[in-house]
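In the two complexes below, subunit A is the common chain; its partner is subunit B in one and subunit C in the other.
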Partner chain A sequence: MPDWLIKILLTVYTKIPPALRPTLKELFVKSTLRVESLAKRRQIIQGKRVEFLDFEIAHLLPYELLGPGPDEVLVEAECSLISPGTERAVLCGLPGARRGFPYIPGYSTAGKVIKKGKNVKGIEIGDRVAGRIKHASHETALASTLFKVPPGVSAEEASFIELGIIVLQGIRKAAIKPGERVAVVGQGLIGQLANRLARLLTPASLVAVAPSRNRERLAVLSGGVDQYLSLKENQDCVHAVKADVVIEAVGTPQANVTAMQCAREGGRVVLLGSSRGLTRDWDVWNVAQERNLTIIGAHISDMPERDASPQRWTYAQEGKLFLELVETKRLNVADLITWRAKPEECNAVYEVLAEGGRDHVGITFNWGA
Partner chain B sequence: MLKLIVEHTYPSFATRDSSKPIEKRDRTCAVARVLDRNDTSVKSNGMPYVLTMVDSPDASTLWVAEASCFPVPSSLGAEEALLAVPLASALYLWDRLGLELGEVAVYTEGSDFAGLIGQVAIWRGGLPVIRLDHSSVEPALDQGECLSIADQEEALRRLQLRIKDKPGVAAVDLSGRPEIIDLILEVIPRWGRVMLAGRSQQRVTVDFYTNVHRKGAVLLCEAFDPLSILEKRERASYLSMAFRLVEKKDIVETCSRLVK
Partner chain C sequence: MEPLRIGIVGAGAIAQRNAKEAAASGTAKIAGVFDLNHKVARDMARALSAPFFPSYESLLASPEVEAVLLSVPHYLHKSMTIEAASHGKHVLVEKPMANTLDEAREMIACCEKNGVQLTVNYSFRYLPKIQKARQLIQDGAVGDITGIQIIAHQFKDRGYWSGARSNSPDDWRASKEKCGGGFLIMNVCHVIDYVYFITGLKGTRVYSEYATLGSPAEVEDIISVSARLSNGGIASISASSIMRGTDQAEERIWGTKGTIILNGEGLSCYSTRPIDGKRPGKVFHYTKFPNVSWTAEWVKKFVASVRQGTRPDISSLEGWDNLAFISAAYQSMEKGMPLEVAPFPASPLLKNETMVK
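Up next, the complex of A and B:
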C-alpha cells in the first residue's frame, strides 16, 4: 500500500469514535484481504494464531490469511515451540525487545504442507516441514526457508528447529575440543540444549551453573551435565569452575559477568543468551583482561546467508544438521518438554512465562491435539 | 636433569611400525618415578609419576631433561597414562584438520591407530565418520561407517554421495597408498582439509590444479606418529585434555580396545 494512502487512511481513522475503531479496522482488513485474494487469485484460509494484544496479554484468535504464493507453501501446524527468552521479553516489554502490539509471537514450528505454490520444487503436499513459523494453526512460508523433517523425527522434536539452530551456531563458535572442561551458565531451554550439544563433543567435564536447583532434574538426564551448581546455595562457586569454555545461556546483563567468572585463565566465553540491557560495573581488568579471556558473541542473525566458513555455518546447514542429529538419535530433545499445552491455553502459558517461567524448560503448543 | 626409574613402557607403539626410521623404531613412551640423589622417590609438580620418551622399551633407569617429563595426574594408573599419549596425538591430528561438529570425517586403514583416530573424530562431533578400507573385516566404530575401497570407482561414487551437500569435510590418509590418496583428493569438496599422514612409499600423481588449487583445499603433509605429541610445542595442552578424558572409565575401555 502506498504511503500517501496509508496517511489518508490514518487521518480518517483518527476521526472515527474510538468505540467503533476495532470493528471498522477488522472490516477494513477483511476487505483488503478479499481484494488481494481476487487480484492474486489466491484463496483465503481460515486459521487461529496466538497474539500478544498488550503487555502480558496473550490470546488465541481467529485470523485469515492468503493461500500460498508461487514460491510458498501453506503449512498446517502440528507443534510449535515457545522461545522463552524472546517471547517473554516482548510480552513484558523488556529492554531491547520493545515491539508494537498486537504482536504475533513464535518462530519454531513443525507441520504438514497442505498447499504449495506453482514454483515450489523439492517439497510436496503431505511433506512434513519445520522452520521459522509463528504460533499459528496455518501459515504460509517461503518453501526455500523450510526444512523437510526426516522420517523418525517427531513433530515435537522438529519444532525445536529454530532454537536448535540458535544453540548450534553458538556451540560451533565455542569450538569445544574433546577433553576440555565446559560450563553452561543458565539452565533454561537454551542452556539445556547447549548442555546436550556440548556433550556431543566429549568434554572432560560439563558443569551447569544456574540460579537455583529448579531445573537440575532435566539438566542431569542422559546426555546432560556431570555437575549442577546453584548460585543460590553458593554465590562464589563460579570461581572454582575454571572451565576452558563457558556458554552463557541466561540472557541477562549480569549473566555475562557470571559466565566470565566461570572461565579459567585464557578461557573462551560464548555469549549465546540474548542479554538485553547494559552490563554495568564490569571490572574489565580483574574479570577479563588479567585472565586473558576470549569473549565471543553468538547470535543467530550473525550467521552467513551463503558459503560457510570455519565456525560459521549457514542457517540452512545448521538446520539440516540439527535434524540429522535428532534423526540419528545422537541428540534427544523431546525430554526437555515440560509443558505440552493446547493453543487455547496460551493465556495461562504466557502468564507463567511472564512470571519467569517457574520450573518450565520446553513449552510447546500442540496444534493437532 | 631428572633421574627416572621406568615402571611401565608401551613397547608395541614403536616396534610394530616397520616403516619408521630405524633410529626411532625402539623409541617409546614410559611412565616413570622420579628419584632424588639418594635414589628415593620424589614428586614432580606434586605428582608421583611422570610420562616421558625412552629410547628403548627395555630401559629401566635413565636421566631426562625436566622439560621432557610430564607429570601424570595421581588419579591415573600407568596404563591410562600411556593410553593418553596416542589419544593426545589423535586429538592433535583432528585439531590440525579443524574438524567441526557435523562435518564429514574420513580416515583410512594403514595404521594400528586408525580405529582410535576414527573414534576421536566421533568424539569431536564428526557426522558421518567414514573409514576407507580394502577389507570389510575391520568393524565400523559405534556411530561410524566403513566403506570398502576394493572397487575404486564404486568407492568414489559412494563417497561422493555421502559427502554431497555436507558443509565441510576433513580427511586423513594413514595408508600412504597412491590409490587411496588419489581417491581422497578426487572426492574432497571445496575447502576440504586433507592430512597425508601415512608413510608414502611410492610416488603419487596429483592434479593439484583441479583437486587442490581450484577447490581451495588445504593439504597437511606429515606422518602420524602416536608418540610425536610428546615432542610438539603444544604437548602440554593436548596431554592434559587426554589425561582428563582417560579419567573416564568408558573412554579408557574404548581406547584400550582400539589401540590393542
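Up next, the complex of A and C:
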C-alpha cells in the first residue's frame, strides 16, 4: 500500500469515534482480504489462532487467511509448542520484547499439508511438515522453510523443531569436546533441550544450575544432567562448578552473570537465552575479564542461510539434524512436555506462563484434539 | 411449604413496604400488625386483611403469630427481638442488627437459647445485579481481589432528621444513642453487606474519620473509612449525606485479573479471562436485569430455613460481621487509631450452624 494512501486512511481513522474503530477496522480488514482473494484468485480459509489481546491476555479467536500462494503450502496444525521465554516476554511486555497488541504468538508447529501452491515441489498434499508457524489451526508458509517430518516422529515431537534449531546452533557454537565439563544455567525448555544435546557430545560431567529444584525431575531423566544445583539452597554453589563450557539458557542479566561465575578460568560461556534487560550489577573485571572468559553470542538470528561452516550450520541443516536425532531416538523430547493443552485453554495457559510458568517446561497446543 | 405467619411490628414507610413484599412472597401470611401509632397500624392491618394488635405483648401472645418482622428504630431491635424470642417467635429484623455488639450478642444468644431463627434485612444481596457480580467473581473474573472502593454520596434534607417523611415523625435518626450512628450505619451498611456477599471477604482492620458538617444531627453525615480485607487487600469507603446536586453510588472491586464496577447503570466487568462467554480484555456492561423483589426473596429464604431447620440465608452472624465492621470504624476515630474488627466470640450458646425448628 503506498505511503500517501496509508496517510489518508490514518487521517480518516483518527476522526472516527474510538468506540466504532474496532468494528470498522474489522470490516476494512475483511473487505481488503476479499478484494485480495478475488485479485489473486486465492480462496479465503477460516481458521482459529491464539492472539495476545493485551498484556497477559491470550484468547483463541477465529480468523481468515488467504489460501497458499504459488510457493506456499497451507498447513493444518496438529501440534504447536510454546516458546516460553519469547512468548512470555511479549505477553508481559518485558524489556526488548515490547510489541503492539494484538500480537500473534507462536513459531514452532507441526501439521499436515492440505493445499499447495503451483510452484511447490517436494512437498505433497497429505505430507507431515514442521516449521516456523504460529499457534493457529491453519497457516500458510513458504514450502522452502518447512521440514518434512520423518515417519517415526510424532507431531508433538516435530513441534519442537524451532526450539531444537535454536538450541542446536548454540550447542554448535559451544564446540563442546568429549571429556569437557559442561554446565547449563536455567532449566526451562531451552535449558532442558541444551542438557540433552550437550549430553550427546559426551562431556565428562553435565551440571544443571537453576534458581530452584522445581524442574529437577525432568533434568535428571535419562539423557539429562549428572548433577542439579539449586541457587535457592546455596547461592555460592556457582563458584565450585568450574565448567569448561557454560550454556546460559535464560536470557536475564542475572543469569548471564551466574553463567560466567560457573565457568572455570579461561572457560567459554555461550549466551543462548535471548537476553532481555540491562544491568549495572556486573563486575566485569572480577567475573569475566580477570578470569579470561570467552563469551559467545548464540542467537538464532545469526544463522547463515547458506555457506555453512563447522561452527555455523544453516537453518535447514540444523532442522534436518534435529528431526534425525528424534527419529533415531538419540534425542527424546516428548517427555519434556508437561502440559498438553487444548487451544481453547490458551487463556489459562498464558496466565500460568505470565506468572512464571510454575513447574512447566514444555507446553503444547494440540490442534487435532 | 406452609406459609410462615408473620406479625408486622412498626408501620412506617419501610414497614409498609416490607409487609407488602412479605405477603407477595407467597411464603408468608400476615398474622397481625402492631405500631405505637394505632391509627396507622389499623389502616395498615385493614389494607393487609390482617388483625390489628394494640400492643406488642398482645401480638406476641397470639398463637397465630409464628414470627415477627421488626421495622422499628434501631435502639428497639435488641429488646423487641429478645421479647419475641422469649415467646418462641422467629425474628426478621431490619438492618442494622443492633446499635452495639453487646446488644447483637444478646440477641443472638437469646434466639439460640429459645430455638428460634434470626435474620437481618440485608436483602439487597438478592438484587440480580448483586447476584451476577458474585457469580462473576466466583467464576474468577477478577482473580484475587486486591482492592475495593465504595462511594456513596447523597443529600438528606433537614426534614429527614426530624422524620418529616415518616407517618410517625420522630428525630431518632439524629440521635447517636437511638440510631447508633449516621449515614454509615443507616445506609452504607447495606453496601458493606453486599460487598461482603459478593466478594466473600470481610474487613479485618479499619480506621475512619467522620464528622457532622451539614446536618442538624449528632450522628455523622460524612465519613471516610480505610480497611484491610481478610485476604490482605485494601478497601476504602467514602460516604456522605451532604453532597448536593448529585447522587453517587458506586462500588469498585478489582483484582489480579479484572475489575467489576457496580452503579446505578448496572454492572461493568473487565476481565483478562474469557468469563461468561465474553472476549477477554474488554469492558462489558450488564444493564438489563429482571425485576425482583429483594424483600420477598429475603422472606422466602427465611421461611425455607425456618421450615427446614437450617441456618438462615442471611444469618445473625452476618448481621454481626456487618455491625462489627461499622462499630470498629466508629471507635477507630474516637480512639485515634486503627482497630481490629471483632470476630464473633466463641459461645457455648452457638454450638453449630443448624438450628432447631
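Basically, the second predicted complex is superposed on the first by the 368 of 369 C-alpha atoms of A that agree within 3 Å, B and C clash if a C-alpha of one lies under 4 Å from a C-alpha of the other, contacts with A are read in each partner's own complex, and residues count from 1 in each chain.
Everything that follows uses one rule, which is that contacts are C-beta pairs under 8 Å (C-beta built on N, C-alpha and C of every residue); 3 or more make two chains touch, one makes a residue touch a chain.
Values in this document were obtained by computation on a predicted structure and should not be read as measured data.
When the two complexes are overlaid on their common chain A, residue A:V12 makes contact with neither subunit B nor subunit C. Of the two partner chains placed by the overlay, only subunit C lies in contact with A:L53; subunit B stays clear of it.
Of the two partner chains placed by the overlay, only subunit B lies in contact with A:S205; subunit C stays clear of it. One of subunit B and subunit C touches more residues of subunit A, and that partner is B. When the shared chain is aligned, subunit B comes close enough to touch A:R172, but subunit C does not. Once the two complexes are laid over each other on the shared chain, residue contacts for A:E351 go to subunit C alone; subunit B is not touched.
Look at A:A240: by the touch rule set out above, it reaches neither subunit B nor subunit C.
Partner subunit C is touched in their complex by these residues of subunit A: 53-54, 56-57, 59, 61, 347-348, 351.
The part of subunit B that touches subunit A in the complex is made up of residues 91, 95, 98, 100-102, 120, 123-125, 127, 143, 165, 167-168, 191, 240-245, 247-248, 251. Residues of subunit C that touch subunit A in their complex: 257, 272-274, 279-281. Partner subunit B is touched in their complex by these residues of subunit A: 168, 171-172, 175, 177-181, 197, 200-202, 204-205, 308-311, 313-314, 317-318, 320-321, 324-325, 328, 330.
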